[in-house]
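Naming follows writing order (A, B and C), and every chain is counted from residue 1.
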């Protein structure tokens, strides 16, 4: 199976158009098809565009994001835990964190409509990964965008070498997509190692310890592997340099940044870090491109 | 490009004629020495020689606050009619203003075109006016003291007459509709223009050394000067509001009444505390020093890396409007260790 | 919010204060009539009779400061009854004018104001209700702005939280292109320290901002004071203007010391 993806474009290029409409600020209507609690704080929404043509053609690159809004409540950026290899429907993994997400958790149910703009930003440079081994390292909510990438890789399994996932959370009940990951591991589609900081006495078959320790559990050929890291700031603080210490060139490490992406199209300025607009040049950066951005890693 | 002349006494007739091309907007004196861009009916109010208005022309393209999307009694609208200013003729633009317009065009008309900006931009007629710098102008240092594109007409005052540069088909329309006002420029007019140009270049008293400035800033990113500025800055946002190239905006949803919801877009400033705050509560630039630094770095480093030029045109508005007297030129002199 | 015929129950309360914010609500006249169709105002002593003083409330608005023990009891009762509690006006959010002279003892104040021994006063230090119990929302203003009140009500009734601007008065003042009271008039203008929303009403009429809407988050008091002093304004004048509103938060150690030093000179 092979899919073609939206092109990676340099920022500040010729005028282009969003899939969801000519007016990049106006969202397209999408219906909530299914709502599933992943944890007590994180909810998975399955969505489908009302416009049938858009629903079928909606294509994005793993690592890109969309802006979801409810007019009168607000708008916010969310990454996609689903893969463009599976069309018609897309998913959003949303954590309860503010006005908009409170509203989504408390008032939005299956069958309701929301507004979507996207896809936005530059996602993972998956072309580079072809024929290479791919190491995904996720911390906490970082699993959301990486799950989209994981699906993309295993849906086209023969185009890539080894697919490895190292994923750590604080406790067993915070592990996102646990059953699915365990099943993928059993099927041998990917090598998956899970860890928790603290098992809290709950049944847990994975490791206990910080996620960086999982790196010591696997061997890889760094000249033939790309590492993709996604997680909270403290995760980056330790993980990125640990990957470098394990021999990865900084251009072989990719990460996804969280900032206040408001317009999503490089205009409003809120997500600017140093000389880059996270929403337009990112949110995916190579570690080398990101290393000099001020405020890259904060604690 | 076409160069003409117009007798000084015909300025009022010219301004009257401009009204046929849109709402005439020009600097007017609000209180002694304080100017603002306003729509005028009485053309004698126009003060094109005024160096800077409080707010720059950007308000003619994007209002400080407008409704972008709206739902009222079940009806959805995204046309932003609130920001539709109709055809506007902006009289009294200086070279720095026109350079700033180019910078806004780069931002808003590249990648995803901003439809709200574009609608007003497409119908904006720019009639420039030659100025003489004061002690707060440093456009010469920013390479924005002259302009040869992105305007429709430009009037340079000479003795008893104007040298008129026509630079667009729309400018040509204005000339063709008012041929009685113009004559071909003579060699003497050109000679006098060149003399004025020389005189003007000499009149600058403020200068900013921009040599390798992006890299100098990179080297100085941990300099204590930013902490000092953070202590002095009120974070009132005035500098951003009055800056002709500051274009950041905020988007906020409102429920003004029952069955009505609006997505409102307002000018924002990176100096405000909430600017880099994300849902969940983390603030990427919680300290004032970081915010002040970010503003200077964005103008002089980030924009250069992205677009190949700084997003400061040297108009001096931020110097004039800072209540605590923070002066951009002094800041960079200090950064270079010269002050 | 409950759906269908079960309209949300609303209460509006005044502690110690001028009732100006409640008056602003009454001034909403037309809008208030429309709102009445969407909510049940069940407890509002100032505006209606036959109030229910014990029922659960979906939304409660509280105006004024806690200046007596009884105020505090009332406040705690309201808190216990209300799902969403909204602080109404600068007094409720920051303390406002009643808190202006908290640094003086009650005895001194009593003597200064009434000049004799009076029996009916039982006041304690005036503090904002937000000091005692948690509030879901704050709506500053002296008095509150009607359009902001209506936005709060409409948002709450729609099941969401209002996103009110938190930028300083300078934002609105610059938008209106007013002549700056600091730069051009050398006045103590509190605009840069004060939360906007009033449309820079005072500076638009040529009067310096008195700070009546209370401070923005993290105002730079020191830089403001230095700026005014640097323009030749006396420390006493600076202190007088800055301490009009929200005295406890506005006064910085530095300014108090300077004032003491100056008064000794």
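Going forward, a contact is a pair of C-beta atoms (placed from the backbone, for glycine too) under 8 Å apart; a residue touches a chain by one contact, two chains touch by 3 or more.
Keep in mind the model is a prediction, meaning the values are calculated, not measured.
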Most central chain, Cα average position: B
Identity of the chain that, by mean CA position, is farthest from chain C: A
Chain centre separation (chain A, chain C; CA means) in Å: 43
Centre-of-Cα separation between chain C and chain B, whole angstrom: 37
Centre-to-centre distance between chain B and chain A (centres being mean Cα positions), rounded to whole Å: 39
Where chain A touches two or more other chains at once, by residue number: 72-74, 99
Chain C: positions in contact with at least two other chains: 155, 158, 160, 163
Numbers and ranges of chain B residues touching at least 2 other chains: 252-255, 261, 268
Residue ranges of chain B in contact with chain C within the complex: 30-31, 34, 36, 53-55, 64-65, 231-238, 241-242, 252-258, 261, 266-269, 272-274, 288, 321, 323-325
Chain A partner contacts - residues on chain C that touch it in the complex: 155, 158-161, 163
List of chain C residues in touch with chain B within their complex: 31, 34-35, 38, 147, 150-151, 154-155, 157-158, 160, 162-163, 165-168, 170-171, 174-175, 177, 179-180, 182-184, 191-193, 216-218, 220, 222-224, 226-227, 230
Touch list for chain B against partner chain A, complex: 68-71, 76, 78, 106-116, 221, 247-255, 261-263, 268, 270, 275-280, 282, 284-285, 290, 294, 297-298, 301-303, 305-307
In the complex, chain A residues that touch chain C: 72-74, 99, 102-103, 106-107
